[in-house]
Amino acid sequence: MKMLINVAETVVADALRGMAAAHPELVVDVDHRVIVRRDAPVEGKVALISGGGSGHEPLHGGFVGPGMLSAACPGEVFTSPVPDQMARAAAAAVDSGAGVLFIVKNYTGDVLNFDMAAELAEDEGIQVAKVLVNDDVAVTDSLYTAGRRGTGATLFVEKIAGAAADEGQPLGQVEAIGRQVNENSRSFGVALSACTTPAKGSPTFDLPPGELELGIGIHGEPGRERRAMMTSGEIADFSVGAILDDMTPRNPVLVLVNSMGGTPLLELYGFNAEVQRVLSERGVAVARTLVGNYVTSLDMAGASVTLCQVDEELLRLWDAPVKTPGLRWGM
Amino acid sequence: MKMLINVAETVVADALRGMAAAHPELVVDVDHRVIVRRDAPVEGKVALISGGGSGHEPLHGGFVGPGMLSAACPGEVFTSPVPDQMARAAAAAVDSGAGVLFIVKNYTGDVLNFDMAAELAEDEGIQVAKVLVNDDVAVTDSLYTAGRRGTGATLFVEKIAGAAADEGQPLGQVEAIGRQVNENSRSFGVALSACTTPAKGSPTFDLPPGELELGIGIHGEPGRERRAMMTSGEIADFSVGAILDDMTPRNPVLVLVNSMGGTPLLELYGFNAEVQRVLSERGVAVARTLVGNYVTSLDMAGASVTLCQVDEELLRLWDAPVKTPGLRWGM
Amino acid sequence: MLDAAFFRRWMTATAASVDREAERLTALDSPIGDADHGSNLQRGFHAVTAELEKEDPQTPGAVLTLAGRHLISTVGGASGPLYGTLLRRTGKALGDAGEVSEAEFAQALRAGVDAVMTLGGAAPGDKTMIDSLVPAVDALSDGFTAARAAAEEGALATTPLQARKGRASYLGERSIGHQDPGATSSALLIAALTEAAGE
Amino acid sequence: MLDAAFFRRWMTATAASVDREAERLTALDSPIGDADHGSNLQRGFHAVTAELEKEDPQTPGAVLTLAGRHLISTVGGASGPLYGTLLRRTGKALGDAGEVSEAEFAQALRAGVDAVMTLGGAAPGDKTMIDSLVPAVDALSDGFTAARAAAEEGALATTPLQARKGRASYLGERSIGHQDPGATSSALLIAALTEAAGE
């Protein structure tokens, strides 16, 4: 599998250099792998820090900026960042008093590394709270697993908690809002092809023509189940169905129809039409819809759907201005 | 090649339905294939209308909105729209007095269909001007070809002329600005893989592992030349070199580092780092950089570089607020 | 003499052969184009046959102008305006006669082909539909079967050419060695004349 | 007795065998993981050997705590904190003695493995590195070679298991039939003890 890279070893560093050049409004520390808002630390403002393996762009680095994250810590491709990165980000992004909120996708590696970073930051006298994102309904019997994965809902948590933090809400409240968003969110993803990591150089699994993987995560792992290829409409029925089996929204929802990276926008918009059809058939009201590449898995073809129930307050925070490379409106 | 679609025949209609659902701020006429700003026609404002084959999303439909296009006309995949679409768009989007500017990529089909549409619109008493976009330096001996293709510069023309139109500048001046932007722009693209059209269902050409195509367009055609695979740095040297062989910028440039669709953002940012290195080595000053999926070719892996020389006035218009699904800032 | 029914049969026969050959036309449009020629013409000729049913035009000229108009408003791409113009101008040249002779048709078709050359700027040898249309028109005085053979030969003869018009031209020398999809579909159009005539 | 030089040799030998086996570890991490285990450990053990050169720690405990610290700050993923904790806790349990007996080392390593189980929450049979580390520690009283055999057997025995920790667990029953990459790298770590001892 060909890639537009120099060598596998420098992929993340190269991308950070390119990000620095494209986004002078961010401070990109290529050596220490931390991306920080240029205006940080903002006095009295809770700092939001997230991070995770690279390969999911624009998540997380592309969501740093006013109205969203204070800082992001990119690991190697599909590899959680190390604690030093988050500790450094906390020191750089945080106003000593207000504290920092870690937004952590629920993977063993992410949890362990952020926990260790929290210890380091607390040693420096920084107050740390944490929101764990675990929205993926494809992981069912979570008693016998590492629990549900964090996927598309991460965007909702980062955006909505980010808006609350930018309004000056205190740490406990920003944390509570982040948790509420996560609890209100569910995702389901499918793959039409595997992705290729730079380190491996070939697809992470074999998917014959005529088959698809249902219930995939965002790290090139196979899903829960392999089936004969389905139409866009059938995939929407299955994906939205899996979500609604697990949650019955009483309030309107935010809808994220997300490409895993390799599925073009033309197909993705068509898939959105089917997702909206299923939602309307199931009586779910839609408040806002976002269609695009947001939480990707390198070049994987496929898509995921995330729904997030919102009350008026969460919707207000969703609509609040945001100015990041990956998500921008109102400023 | 698997696709997230229902059937090939409905791909464009399905995408338009999905676009309508995601973007209530646009009027999407699925039957007649016209996407119009909800506030159109704006009194006294020149209407900007573009269009072309589908498969290049977000171009053009994703660039409809305040500060950019008044309307877009999507054809079938890689097939120029028909004259009726542009005539309908002109009637819907235009204030009778101010006139309409067609922004047309230089392909035989696009030129012929827009010309026929201009006749239809003029029959209705609408004044029509046209900017032809032809920025692709890969097409060299244009005496013996259909001339240079229109690719990445389309975004610059649509944005900058769109800003001028929204300021209320008259048709002749908006047209002149559009032409100036096109004349100041050059592009070059490479493919690491072919794309797959829904109608054909298999890649449009064979590209063995270990080879790439240099000088490709945005319609899945092979390029001018096939070579052994190159590094990101070498591709940047070649692509920027081809552009600078053809244009010596005196002013700073806008840089568009564009994914053909299948190349993920992680790689694209890394490629941007190399593009910026070459520009700095060649003494070209960079005013702004845009990195992402903007003028795509379905799922093709690869990237293109577009440079556009800007003086202070063009830069001011570039920076002016824009509010479209695909490009948004300042509002 | 050729009446409106003949020209309707021509269009129906063309639609049927485009349906049969659509995949091949798209395949020819892959190495040197954008892989849509077959589906473009299918869409267009489906519309043409449906509209002929609906509007039921009564003269040769009306049949062809109607067909041309609908090709223009349904095909898109380069071939839509070009084929649309071909049929529309041919139809216009036929005027409103209820029947026309083969010689009148040959003359009208030449006017149509001339209009395509004016519109698209292509000359014979540029590796386009012109390379089968021009020989076909030249041979038409010897009958439909001769025209068909000339068109087919013209289409085959595009293979060694380097394209100078249309998107194949972007490939430069790499366009050599591939048969032009538009010349191939033009040969189908001309061949359909023999079917319409029952030859 | 085992001195600081022995533990340095252990780390160097581990680094070398991780280098040799990196592709295989990543390949094992493909069907049931995310295809990074080999490159993760390579990055970590390169850092460890470089830092051991630079800082030149003088006691067994210092060697292992330094190694563990650098694994934590360079590997990332699940294996970084887990292997880092393993070595750091083992090192801490060794205190600041200049030399330790094999029995003392076995006891310290058990403390390290216990810490990994506490941190990661995995028990034997969950298809993780624990499945080769626990049998290795149990066998350590019979010498390094016995520990190595036990670790390798433990790694092989993960194949029929269904994963209950780590990202392989997301696959449910589909994780059955694949050897766990972390158990495999643990076996390399334990095997490197025999190399360090010159056995």
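Just so it is clear, A, B, C and D label the chains in written order, and each chain counts residues from 1 on its own.
Everything below uses one rule, namely that a residue touches a chain if its C-beta (ideal position, glycine included) is under 8 Å from a C-beta of that chain, and two chains touch if they have at least 3 such contacts.
Note that the coordinates shown come from a computational prediction; the quantities given were computed from them, not determined experimentally.
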Grouped by touching, with chain B left out, the other chains give A, D | C
Relative to chain A, which chain's C-alpha centre is the most remote?
C
Chain centre separation (chain C, chain D; CA means) in Å:
73
Between chain A and chain D, tell me the centre distance in angstrom, where each centre is the average of that chain's C-alpha atoms.
31
Report, in whole Å, the distance between the mean C-alpha point of chain B and the mean C-alpha point of chain D.
53
Distance between the centres, which are taken as Cα means, of chain B and chain A, whole angstrom:
29
In chain D, residues with contacts to at least two other chains
none
Quick check: what residues of chain B touch more than one other chain, meaning two or more?
77
All touching chain pairs, where touch follows the definition stated at the start:
A-B, A-D, B-C
Which chain A residues qualify as touching chain B in the complex?
1-7, 10-12, 14-19, 21-22, 54-55, 57-58, 62, 77, 192-193, 209-210, 212, 229, 231-233, 235, 257, 261-274, 276, 286, 289-291, 293, 296, 298-299, 301-303, 323, 328-331
Which part of chain B faces chain C closely enough to touch in the complex?
8, 53, 75-84, 107-109, 112-113, 116, 138-141, 144-146, 149, 197, 199-200, 204-205, 217, 219-222, 224
Touching chain A in the complex, chain D uses residues 26-27, 30-36, 38-40, 43, 72-82, 119-120, 162-167, 169-172, 174
